[in-house]
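Take a look at the structures listed below.
Both complexes shown next keep subunit A, but they swap its partner, so subunit B is in the first and subunit C is in the second.
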Partner chain A sequence: MTGSRRTIRSGEPDGALRTSGRSGFSTLLRSEWTKFVTVRGWLVGLLVAALVTILIGTVSALGGNLECTGPDGQICAAHVPPLDASGAAVPDSFTFVHRPLDGDGSLTVRLDALTGDGGALHDWAKAGIIVKQNATAGSPYAAMMMTGDHGVRLQDNYFGDRAGPAISVSDGLPVWLRLTRVGDELTGSVSADGSTWSQVGTATVSGLPGSVLIGMFVASPEQIQTTQRFGGSDSSGGPTRATAVFDTISGQGALGDWTGTRIGGSAGDPEPVADFAENGGTFTMTGSGDIAPSVAGPEGNTVERSLVGVFAGLIVMIVIGSLFITAEYRKGMIRTTFAAEPRRVRVLVAKAVVLGGVSFAVGLVASAFAFWLVGSIEQSNGKYLLPVPVLTQLRVIAGTAALLALSAVLALAVGIMVRRAAGTVAAVTLLAVVPYILAVASILPAGPAEWLLRVTPAAGFAIQQSTSQYPQVEAAYFPSTGFFPLAPWAGFAVLVGWTVLALGLAALVVRRRDVS
Partner chain B sequence: MEPSIEVSGLRKRFGPTQALDGLTFSVRPGQITGFVGPNGAGKSTTMRAVLGLDALDAGSALVDGHRYTDLRRPLTHLGSLLDASALQPSRTGRNHLLWQAHSQGLGGRRVDEVIEQSGLGAAARRKAGGYSLGMRQRLGLAGALLGDPPTLMLDEPFNGLDPEGISWMRGLLRSLAGQGRAVLLSSHLMSELQDTATHLVVIGRGRLVADTSVADLIARASADQVSVRTTHREQAMTVLARAGATVAATDAESVIVARLPGERIVALLVENSVPFSGLSAHSATLEQAYMDLTRNDVEFRTRGPEESDARGQA
Partner chain C sequence: MPTRPTMHVLGCTRLPAALHAEWTKFRTVPGPSAALQAMVMSTIGLSAAAAAASTCGAPTCPQDPVRISLTGVSLGQALVVVFAVQLLGAEFGTGMIGTTLAAIPGRRTVMLAKATLLTAVVLATGIVATVGSWLTGRILLLGTGFIAENGSALPGLSDGPTLRAVAGSALYLVLVGLLSVGVAAAVRDSAVTIGTVLAVLYLFPVVITMVSNPDWHRFLQQIAPMNAGLAIQNTVDLGSAPIGPWAGLGVLSCWAAAGLLLGGLLLGRRDV
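Showing the complex of A and B:
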């Protein structure tokens, strides 16, 4: 066979060191993709992750079939807060004594007393002057008010809140309030004696019609009492009432007689009548309710409740993520991998991209489907879900998918360092899932639970929070009621930080450690 | 011609063990180089060092004149098989090759070619976890051939092969070398390399013991030895030993005689009326040559049974 002898040289003559740059990485990506899709167990695992996410959400929705429905199957009116001009749910319920105001004008009152009616005065009881588009709940407004324990405030359109002097009304020490309208601008001022005034601020309420309502109001929100302990929390609450006494009322530009209305009256109360009395220019008004943004209640009326099963899907993703690398270490296949691509950090990055991409895609389908399915079930059950803007819905859905993807990549990075599947799954589950369960299931009191949700990768669950926390609204802001200690993107950034840190350490380790 | 693999001054310590202790050798194209030494001599460590899997304390290992870790599409330069069982059991053999092919920018057609070449056949579509060791060796060899590399480095590829498989593997390796490729083939059993390797690199305790062609080694071991067939073995040995020869019995009917020319042997046997039926030049086996080579090397015996004998006599 001497004649058949041929010279064999490398595929790239003299090109041993030729780099192919991007195409080099794309072949590596394709290789890792092939690895992933050729292990049936991992594909089944992805399916399981999607299914448990959807199923747990669905089961929890079906189990919560306790909401009341109206005669035609619609949601009970009492459960449905009005919407403001932007479509946000806003409780808008108070006692209003008003008269029309055409064009610019102002109202000045002396608030003599603000007291709790049949109980202690609520910290966020409100009494003062309001300019409102009309008597429809949810319509635009600006209000200059005294609160139970938060001083004088100028608030507008449910979300705006400016603090004035931190004073309170006590016997013999009344407070003078004034609200002036000039076009869209409403200026609030406060005075101790009716002659020396200081301005609190100016709110711009755009689109107010020429003719609006102006008058006095009083409201007092629900009292919520939460006891935190190990193993759970107890929340109790109920409506409160407050009584305000106004006198020395003077106005400019206002016309007509005073009319009393209870804005946002409850269902079965077709003609809401305001609880007020006038006696020689002194108005004594009693009111209940709040003018504020809506916050999620402990009953879980938020859209992200549909994704309550994500923690289970997350555990499955963590298993897949860790196996994607530890399976190679188990039998030594990692040596074949590094023989095929000796630049080990590139392998790590390619694995992270493939795993992250696959789990993001699956997570996106699963969370979008759960979001739609569970939302539909809850609505057909007559459960009211707080409306949230489309962008927020997208953030919740895509954020949940990213949460799954990042956790899988975190497991991959830890897997590089640990090299054993069991240890990796245990460590990452302990870091990323257990704190969430301890917190939302109220196994820990709110303090430690919130601390865990700040520092562990489980902080990333905050990306699912669709409603906000407002300082001017007292509510049960606990992880168990769906409120995370960090803002959505801040919590997400904590998870990203953990993942990047773990990838960085994994890169260091994989570069330096012998692969034997 | 530039060596395909060139290692020089390799040093590697694992804790208290000096696994490689200044090892230097090279592998040349067109021949099969046997890489021999007892278990623990450093063969696998050397191969891992060539692939850049283990970092060296000192020395260099070059493939085609470059460090392996600097190669792009390295499987087109050097195909290696370190551990046939290093695979994901739930992946099919074909898919195990496919991800490797994709990492080098190669496609499924090349995978099917090496499946054909390695004799995996229909088994390639089954999960690799169910393969016998022999099948895994074929799969591993297929992986080494994927990039059509000019150099192959195989660690104990005969392990687990049945006699038919061993014969097939020898034939394939010989034809690969015949195509001008360099093949480095490790084994701890010299007999496996018989009729396969044409060059030998023998190491012990991480150091080079011999770097020689097989022909030279056997010729040296066989030098001036004569094999005598006789039914009167005891008598023949006595007569020849008295005349100053070194005599060893191989089987019931023959002895091997050294340091005595053939004519003298015939004369002595006739003179002493010792019947014999044949006389031939003796050719040592590779195994015997290896034993000769390492007989005086204490390091080769540290793990062997002779060690206790030596101590008993001391």
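Showing the complex of A and C:
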């Protein structure tokens, strides 16, 4: 009200008449707000959107299998990977033959063979030299290694990965590896003959103590075979083992005898024993496991699973968003609206602000509540959820609310162009929700599903992804297992792009067209 | 004022006239036929995309090739919902329903006429869509390794299970349309009807993906309209499916019957 009063100039009756129709933006917002909150059906709709979001997540959690519970009701230790220094879950499990290293030093080995069980070597089987803070799983390290099918690599602290020459030892030719420690800097080198060396890189592992462990290691990750079928995907697989043969071992600075340790052995083992044999300076070691970041499994141990019901809330929001404008066209109310504010684009903006604001607020409450409720149900069920930084949790929750708000505004913009509720709801649902369902429920094969999640507004669902995809970890990276083809903010930007484009087109259309 | 029984009898005798009226509306309003054209195109388009992306490697093809070539039905059904809503729900929006019911006061007759028209029209276009999808998919799948040497023969339409899948998919679309007509009569708002039916159809597949308990998983697949209904597309490994092809379509029929019953009852009782 105050806004409209300010715009009326004193004196001129003519001016007053002209400007009275052009109220301030706050008045416009207020009138759109009044329209929104006085329609009972839309308020009920908001409530339904929040409820279905929470209910579907709860039902999914209740229908989960009891994963594993220990004697005191805790999650089984075998299901909980160790945490690294930053608090991220990291599988850290391998066979380690080591000796202490005080201060600077190096180790040089010749890797004669790297073979898998039954002749099948995992692409990411790893064997080489590692410098590790101590024998505790999750402690900092740097490793110079030969892999099954990805050449020589220098990796550090679970996330760092540098590629070296793409060679292999499977054809019988040995490869020489060297890892040198100078303070916090670890330099990896590779050689084909033991005399000409080429440097692969230097990794900085901050906070390494003076005394560390240095030695040879071998690991071989789980083999995962995923078959996509209608209504889900089947994952099968199991642990693999790799055997490495090292000899011509020489070192500087390292002291003492070699000790074999099985790092990160399963909790059932009373005494983890390393599988290795030494014969005249030749070490034959067999290992299983991986030294890498944790990747969400097909069983869905991610926090965003709690928000699986959002797509249903999204359909409700799309219905509300389209009715917010098409009801005005249907009932002729739009004439009154435009008579009161002839600048139609401002009406459009006011409607978008009110609708976006309301749906964001409701979405925030619903997603935060679902996140908390479903998370607690899963934890009381003994399900292990991958730890996620607080900022990522906030991004998942607020991003979900923004997803709801943007889709509602998209429906509003399309509603202005189409002017029919049925067409608007159908079009926006088909664009923004159905691609997600076709992809997540494995109705489509992974190829077209990922393509849809790149170009349609449904790409915005990527904002919910809390875990990352790592090229150095082989896993089932499919939409059905929670991995989107676009990064979270990139996917979100696609949705923003669609919404902005639709609003722009709606502004053009609404200005050029006759009122209704 | 005629008594109730007379009205009923009067309504029944008017069925041909009501059908004719519905047919005229269908012919002269552009929306419904556009929705059906979009249904045929999107069904064939998505099926082709799915078939082109599927590969069959040695030693066996794990998938059901006929089912892959009919993937598009899961998208086309959304446009059948739109069509059904335009057939009935739009009349509530424009006020046309008042005219319709003034001309044919027997509300059950109106529902029956609309359901009959929908069945005929969706069945006809649905067969075009499913046969088109199957043919396109067959051509593409033969190119991506679905051949007898890889353990996956692609039989012709004379093969019983294949015919059942292709024709059954068209029936599936009809049943989805009938369910939508029922919901439209009950809800009386096009936008809310589309939202409700799409949510009911698509809710279960996602929830089923998330539920890991095998008992829940199987149970949900047996009662979900989309999952159970699309069991009609299975041609291989029927024993491991949670529900048989015809039983699955039967489950969807129950959903459609329940929807029509609810819609018919509410339409009969309420003021227009």
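Basically, the second predicted complex is superposed on the first by the 484 of 516 C-alpha atoms of A that agree within 3 Å, B and C clash if a C-alpha of one lies under 4 Å from a C-alpha of the other, contacts with A are read in each partner's own complex, and residues count from 1 in each chain.
In the analysis below, a contact is a pair of C-beta atoms (placed from the backbone, for glycine too) under 8 Å apart; a residue touches a chain by one contact, two chains touch by 3 or more.
Because the structure is predicted, anything quoted here is derived from the model rather than measured.
When the two complexes are overlaid on their common chain A, residue A:116 makes contact with neither subunit B nor subunit C.
When the shared chain is aligned, subunit B comes close enough to touch A:515, but subunit C does not. Looking at the shared chain after the overlay, A:338 reaches subunit B, while subunit C stays out of its contact range.
Once chain A of one complex is fitted onto chain A of the other, the partner contacts of A:253 are absent, as it touches neither subunit B nor subunit C. In the overlay built on the shared chain, the residue A:38 is in contact with subunit B alone; subunit C does not reach it. Shared contact residues of subunit A, touching subunit B in one structure and subunit C in the other, are absent. Those residues of subunit A that touch subunit B in the complex are listed here as 1, 4-12, 15-20, 23-24, 27-28, 30-35, 38-41, 327-328, 331-343, 512, 514-516. In the complex of the two chains, the subunit A residues touching subunit C come out as 52, 56, 59-60, 63-65, 227, 229-232, 299-300, 305, 308, 311-312, 315-316, 318-319, 322-323, 326, 330, 420-426, 429-430, 433-434, 437-438, 440-448, 480. Interface residues of subunit B facing subunit A in the complex, by the touch rule stated above, are 29-30, 48, 51-55, 64-66, 68-77, 80, 82-83, 85-92, 95, 98-100, 102-105, 143, 147-150, 175, 178-181. Contact residues on subunit C toward subunit A in their complex (touch as defined above): 31, 46, 49-50, 52-54, 62-64, 67-68, 71, 74-75, 78-79, 81-82, 85-86, 89-90, 93, 189-195, 198-199, 202-203, 205-214, 216-217, 220-221, 227, 230.
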